[in-house]
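For reference, the structure I am asking about is given below.
We just call them A, B, C and D in the order they show up, numbering each chain from 1.
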């Protein structure tokens, strides 16, 4: 064909297949959301509409890609996780990341009006997201990643809640509030909130304190008396038997039947993972009776 | 800080910096656009609204990222090119690709209603795009890449035009038309169009035959009598002097002043590149008098 | 300094750090050993001197790099494994691979005369080795890798033993022997050896049947009655506490004290690993009383 | 086959093919040569035997791999360059690097006795080398790399010559010499050598001042009056026609016929490259009449 004389340029594409049998986390972040949240008048320290919109877009991504096990979001970032057994797009990094980033962006833009009916999007200045894929070799380290993000959520939210209370209710100047908070620990911030403003941080909304975790809902397991940390033993594809194409399709259909839920709970402790063993095992659980 | 005990997970992020002094092409492709174009009733073989929407989104990307030199689009794909001297995001591959994919998707979604006022987007089933970055070591090979896409555009468009004319005007069954076209060369298709349907392929619209090329407009250069192919000699950053941060900012501002234009012209021959030397040189030209 | 104007070329070096917390296996292979073994008159199917030389060079590598946990060799190949906790050379792939390849080659060349006193090396035609690093995300998969090599050793050795017996003792032509063995299974080859030549394959030397495994010797553990496969639970560096520089030095010294032994035993079953838990744990055991 | 159940581990090998049409430089460095040169009594600042041994090993590598265009060595390091058109080992990075490192090490070890007849190698403590591959996108940048190494040679040799003269002839203590040289420029060092010791640095041996460059010898070209820097225009494989397997074999044979020479000349200026156009073009020249 006439085209062939230029086709050699295809040879410059380099493979980017991620290591088999590792967790893949795609984390996306809002680009320039500091400025964007000011432009569209996001409420400080937390804009419930903005968070609900993030969650709605993330739910759409989870439904679009049944291979995803779990997602965790806070502020303008979201982490999506593929199980080590995932074979989607032959585990090509750019393909996985761009598919998530693009689908997320499409829904975020499309759904904007439902959450911000009074402040329509205006170009230029549309929201957009960047992303990257990171591999984690086992469930223990993957859980440490998830814990990292939730601890980060806690630290930032306590800081922001205190800061904006000092400014908004205490009438302080931004710089003074920042100055006073420099070097404080959690206990100090809790005390400022409680003593000066009568606010018990524990009573703040869970979505702000814990962030949002999204997963497919199956029948919860009873928590075992003697915990084994919800961490399964290391396995090889040999023991696990890599699923065939047909099996993968079947798994995908099973996952499509499960309800995708948004939760605001602790994902650092074992309990969350022990009661939902399907997340770390990568195998669909039983559908709950009520969701049929 | 309390967070530090989990922060080790950051060490799993691996660098993905692209080789310095190479052309970077980010190509994005519509995901499942065969089905999507059917769902939203795209006209065959070419839907002008869909192409104009692609171009509008690509223009927005070009304006958002002044580091981009040129873009070329056909059908549901678009290629965006960064000059070898580009330092944007430290040339991190995932960052470059996801920023383009996300910005493109945001504008495509946002602008949809202007081009398809009668067929609003419906979820699920929103359009999305995947993408990847490829490096080309010199201008010669980069131009071969661009030629590859434009030759592809020609081949596909001639086929599609002939096929859909046979079906739509000739009343043929899809399978019969496909069967008849098997093994034909360009001349055969041109003849079918002309003899059976009185269509001279050369008179088809340029946007369909040539695709769309987007670049910043400066004063065109006269074509030199004795061509040196528009290909500059190889240079090293040593000769070129890698631009400082301040210079880069200055260049960005200069580029922002230039008009971003959409053209449907031959980019395979030298002329296009010789008249617009700023594209391969990566240095802004003079602003045209009329655009001031 | 005058040099600085060219120093920008250093920016073209790209990082090649391997993913943390994965097993690293560096496998090296003799280059053109088919021809080389003919040139230096290696005995078929197994030349004990050549294997002993391979083992001697591998022992030298193990002693030179105390970070290595275990090595396995067969024919002209050797696999060297670093534990997931290994931080040597910041886990840079090229550095790890070339250090092993070069050290191995140096000893192989240097020790040649001790094993082949009558056929000195002659240039050109010196032995050399290539190599590559591969990551395995957990101990289970790493053990499958080791099993893969040992099964390969078995399959090849049974074939070669049968083939060369048919040729050397049976007086067959190479091509006829090859032809007869085509499509045979293990049982067939065992029968040929036994029925035609009175050879019981089980009585062949262990080094030929099992290959060679090299590790540091500490006090063997009793095999537990109820096996847990010698596979430890997944851990994170958080639980494990990544060793400090000082601790790493201490570990290195401890490992240097252990004797490096060459064994010809089954490494597919659990027993080998259960009795030597220090290999998979990456923590030195107790020095055996007799080796002090 | 019985082996198949473990063969899945092969899927963990990741591709490492270098970008097409770029220069590949493999640089190798002696491991721990500071200590090693002390152990084997290398003469300071330059041990001619050690340099000649390095060169002999490098010549052997050049002969073993006809795909190599040129090599440059100084002290205990050597850089080997493959032309952008090189297809050896499908341009797999680890394969290229380890082959060079291993071949170099084998010859260095094998030839040691010819250059150090009185100080035989002793294990442990054998010389070894590490290495890495770096890509350079065009000839201009590749030449800057070569210039970088030769400038480095000059700077280090002037320093070392001055330092060791002060110590060996001037009777100075190491620390005092180091102290006095801190912050000096080239002119200062030249003056110390000349005024105090009557040494004209320009009269030092070329091998010490310029390092060693190795290439295949063809008929030298006359230097053109009007230089175009010896840098050819950028080409694409399209124009160049990637050589077929047969052509590659033919080229390899042609290269094998050329004499491999060791030179100690300036490789920073254009003249070296203009007179030997086959190095940058990658096409064998005419064999010199006298070498037939």
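We adopt the following convention: a contact is a pair of C-beta atoms (placed from the backbone, for glycine too) under 8 Å apart; a residue touches a chain by one contact, two chains touch by 3 or more.
What you see is a predicted model; the values in this text were computed from it and never measured.
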| item | value |
| --- | --- |
| Minimal step count in the chain contact network, subunit A to subunit C | 1 |
| Furthest chain, CA centroid comparison against subunit A | D |
| Copies subunit D and subunit A - interface residue numbers shared by over half, same or different | same |
| Selected from B-D, A-D or C-D, interface repeating A-C by over half of its contact pairs | B-D |
| Geometric centre distance via CA averages, subunit B-subunit A, whole Å | 32 |
| CA centroid of subunit B to CA centroid of subunit C, Å | 50 |
| Residues of subunit D whose C-beta touches two or more other chains | 6, 8, 12, 14, 19-21, 135, 141, 144, 237-238 |
| Footprint of subunit D on subunit C - complex, ascending | 1-3, 6-10, 12-14, 16, 28, 31, 60, 63-64, 93-95, 97-99, 101-111, 121, 123-124, 126-136, 141, 144-145, 147-148, 151-152, 155, 186 |
| Residues of subunit A that touch subunit C when the two form their complex | 19-22, 84, 135, 137-141, 143-144, 229, 231-239 |
| List of subunit C residues in touch with subunit B within their complex | 5-6, 8, 11-12, 14-15, 17, 19-21, 237-238, 242 |
